[in-house]
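The structure under discussion appears below in the form of structure tokens.
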């Protein structure tokens, strides 16, 4: 029922993050971690603010965001449509299910070298990797969500003359929405991780690239700036997803 | 009451139910056996045969769990009977269609749509233009007494209100056959009486066929041309009673009619005769 | 005797696997790319791996870490997710924190993780733990949120304390959704089991795979990928068994009428 | 009995591979001290692990070690050396396709060039060579990171115009043909030291005896590796899983890196490399002497 | 009928409802305002005050959507009223407790438990030993006519069967106050009559207090000491009527009693007087 963000809730949410930062500061101050490996948070946030206004850093963020969104969008479209199709049609299910069983648990990074050669060192290979990793959580959630849709909802729609194909969009999709959105949330987090990983393995720009170059030369502060950025990005994207969620699920009791 | 544009508004229904009408629904030796989780067979319907004439109002009465809902699902085409077959206009029923509109016992409203959205769904699906569908739907919502609740989501409605939305949703797309599963079960007497009259009006005007599950003998006799009495364990048809009362019927007149009272008393007695608290087959 | 349709259904998984291999074979022949060997080349390398005792020890070591990581993650994440689902305050407290922490790639934190946990099993198990817990927490969270309130009220009226309600009502009611999370968690467990061995390795399946990758021995890489895929099939089959047992009560009673023709 | 946590990597540390695979031939190993082996992907993560105290000794490149010293407060001794570029032997080189219009370093202008690790050990000499030939490494070329394992494919697929080659991948590519050497690192300086063995200074100071025994075994491992090529091929095959016929084409032959018979670090060469890094702006000026322990350094008998 | 061990089986309820009994539930100027998704306030209950004496059988009648369920939720402690307070035995109701047992309109059975598991849940929770709880539960299941269905899961039951399980589940743990929301709404007349009698027996024997929502005026008059009539938009109490009929009551005797008939007719007329199809506030 509490669909609106109340300010006490925001405070509650900020509290643990502040605690973590305090813990971080404590670890540095009391010597549990040398500053060269774990720089004090003040430094990192200071540098972040400095960096944010530079065009190079903005360019890195833009590159990462583009790959992130492109890959995630592909994963959502593919995952949702395949998941629903598999839940609705036994023939498709018989094909998709074993393929998913095999492909889902594969470590996609191991295919990254092959992807690089196929798609080059630019956006293409990274977007593909992000999509491949984010796809399966979304697909699985959609599948399970769609296969537990209340039968009578489908019956009602069919009796109202909805053609079978449209049932998927008009009933199964909205009814499975809570589960799909959970899958998307997981897919989004995975996308964040994977886009970073891909950029760390090989790239010439992006936050992941900024991170490895800093890490190799032990510039701890510069290394933490991309980390904090991705953290903030995660928070922001999650907030957006939360807003989308409470809009889409406004009729559901759990919203 | 001009909410649902009638298909043939000039047409007047003959008042005698016994005129030779064409058969619209034919249920032919239908049985339904469920596999329970305990891996046992459970016979819900056993050898049901029934024919329903076009334009007839048929009620089904029977003890709880005797298979009334299951029978409706089969006619609706939602469930395939284990054996036997149901036909509509001579063609086997293989799936749901907009010619048969169900009102489910559990309502089954779309939780992601508002009251208006739920009611408009059918007409929109049938290709009615948005403005027109909305006007029709609003009229139906008003008819079921939910004016002002158009933008409420199902979770914000009371049980009886949900039931009325489900009723309006099905009426909105004007199916030829209505399959109604205790559609007034959660309503107070007053609302119930009003909706019974509304339903009769629509039925008489649009020459619909209605298959109506109810627990109220009263209601069954008041509304129907024919009452099907079922018995339990396994679900069978016990008796089919033709209700030979003049139409149009008015509640207050009918209540005083000794024929009406006799029907009610007879049917009630019949139920009392058998103790139906049986165990599953 | 099986009907032809049933036989096709039975054989579908096998057919799909064969289809996958054929597509792979054709694609790799068409692409002529050394780092993308043909399916046959990759399969030829499998006996070499499975026949080698050391490799088997490696694979078992990985599986052990995976089992521990998965088990711990499930044990921690389900209660946390359920609590978040039932208490707006708990959700408001943890959600932003988790959403700030999870997107950070663990590989990037290696220097600090190594500082406290070294480079051994603990670190890798932690990585697996984090991978698995993400979907389990969030599916439990959503599942708990969607529990019908009146069921909880019934429980409360019978005198169940909030903690008891969480265990005895929210948990079973959310179980189908939780299991969906576990299913995704299983996938991520296998992936992180391998990738946790990318940077620092002592023993493990990832060790074999990434060594081969570093050495440009792509047939071994892809043979390992096939082996991981096979593990995926087995684990999923086991999982589906367990799932079918646990949530028999929730499976839809009727076939999806979409396929009803 | 002291345990030493050792980091290693592939593909050119034969004496350590011997210790891993033929432990029985090293009488002190397992008696005077123990080793916990951890394999890493590259030297940079090992530097981080050394700085974090998660490793005691590890394979290092001069650049990564120096980065650890400059940025990570790492104090370490170079106790042995694995491979270097001996004159006439293998030198990491940049290859182009046979039919490529690129004939000289100057032709690289405007091209996409692959390098195994951007900011890695080879980039100092590489940058120097480019500069000497009038190419600005920062502006005139597009540098992409291509691991050694995929460099051959990347070149053949046309993803890069030139790419660096290392053994054993170079041997494999040469056997196939179709590529040609454009320039090699040895043109920037002779005797480039590729990988070393380094140990954390605090660990050495605390456990001098164990480290001494370890260095002694590295020395003898190097001896064994050089003395018995047949067996070395087998050992390397077990570790790298690379087929013996491929190893056969280069390992410990003339077209391989150089190995000092006593695994002795070549401090002057290291100093020279540090100077190049300083010159190309990758590092501040450093003195190689700080890495030298007075007694614990290979060769130790 | 010896299914539920009575707490004081010797105690005989006085037949006159007007004796001075102690108040058990006190509802004091309770209002309930819901926030709808459309961000509007919707007044479900407005300024409701009501006292219920210990051992009384009180029915609530009212048009669909007038707030009957909401009122029950407040007494159950499931919902906190927006203003006003409900008290039980003088103490403010702050949450649910095993002293007040609800039977929900939507049943809310535990889908992962069988019929037996659902019914046994409460007694087990109260610490009753497994064998004893099972025996009691089986007896209750038999009472509601579901013998043979003990191992069925809720999804395998018909609507009326689920409702009976919900009833049995609540009766099983013997709450002092029963809060019943149309507990017989989905039942056929025959089963309904039987269960009404069973409920009256239990109530008379165990001196329970019952708050009973129904849509049947008949049922309300037959069962109750007091009928609360509510009106809609916003939900208010219109009138409280004491039903001064002798107990124990027998259905067939009562049907002939002119006092009974007068009550029914009066209450029905009262409803008819007002047209309650209002819009939301």
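Going in written order, the chains are labelled A, B, C, D and E, and every chain counts its residues from 1.
Basically, contacts are C-beta pairs under 8 Å (C-beta built on N, C-alpha and C of every residue); 3 or more make two chains touch, one makes a residue touch a chain.
All values reported here derive from a predicted model rather than from experimental measurement.
**Student:** Show me the overlap between the contact partners of chain B and those of chain C.
**Tutor:** Under the touch definition, chain B and chain C have A, E as mutual neighbours.
**Student:** Which two chains meet at the most C-beta pairs?
**Tutor:** A-C
**Student:** Look at all chain centres (mean of CA atoms) and spot the one farthest from the centre of chain E.
**Tutor:** D
**Student:** Once you find the CA centre of chain A and the CA centre of chain E, what distance in Å lies between them?
**Tutor:** It comes to 49 Å between the two C-alpha centres.
**Student:** What is the distance, in whole Å, between the centres of chain D and chain E, each centre taken as the mean of its C-alpha atoms?
**Tutor:** Here chain D and chain E have centroids separated by 83 Å.
**Student:** Please compute the C-alpha centroid of chain B, do the same for chain E, then give the distance between them in whole Å.
**Tutor:** Spacing between the chain centres: roughly 28 Å.
**Student:** With chain centres defined as C-alpha means, what is the inter-centre distance between chain A and chain C in Å?
**Tutor:** So the centre of chain A lies 17 Å away from the centre of chain C.
**Student:** Going through chain B residue by residue, note those that touch at least 2 other chains and give them in order.
**Tutor:** In chain B, residues 34, 37, 78, 95-96, 106, 153 touch at least two other chains, as defined above.
**Student:** Using the touch definition from the top, which residues of chain A touch two or more other chains?
**Tutor:** 37, 113, 117, 150-151, 155, 158, 215, 250-253
**Student:** Specify, in ascending order, the residues of chain C that touch 2 or more different other chains.
**Tutor:** In chain C, residues 33, 35, 111-112, 115, 148-149, 198, 210, 213, 248-250, 253-254, 257 touch at least two other chains, as defined above.
**Student:** Which residues of chain A touch chain C once you look at their complex with the stated criterion?
**Tutor:** Result: residues 2, 8-10, 12-17, 20, 33, 37-38, 87-90, 94-95, 97-99, 101-111, 113-114, 117-118, 133, 136-137, 140-141, 144-145, 147-151, 154-155, 158, 164, 167-168, 178-179, 181-183, 185-186, 189-190, 192-193, 196-197, 200, 208, 211, 215, 223, 226-227, 230-235, 238, 252-254 of chain A touch chain C.
**Student:** In their complex, what parts of chain B are in touch with chain A?
**Tutor:** These residues of chain B touch chain A: 73, 76, 78, 95-98, 100-102, 104, 106, 108, 110-114, 121-122, 125-126, 153-155, 169-170, 173, 175.
**Student:** Using the touch definition from the top, list the residues of chain C that touch chain E in their complex.
**Tutor:** 148-151, 153-154, 156-160, 169, 172-173, 175, 247-250, 253
**Student:** Looking at the complex, which residues from chain E come into contact with chain B?
**Tutor:** Contact set of chain E toward chain B: 34, 36-38, 42, 61-65, 67-69, 105-106, 145, 147-149, 151-153, 156-161, 163-164, 182, 185-192, 215-217, 268, 271-272, 276-280.
**Student:** Once bound in the complex, which stretches of chain A touch chain D?
**Tutor:** Going through chain A, the ones touching chain D are 34, 36-37, 113, 116-117, 120-121, 201-204, 213, 215-220.
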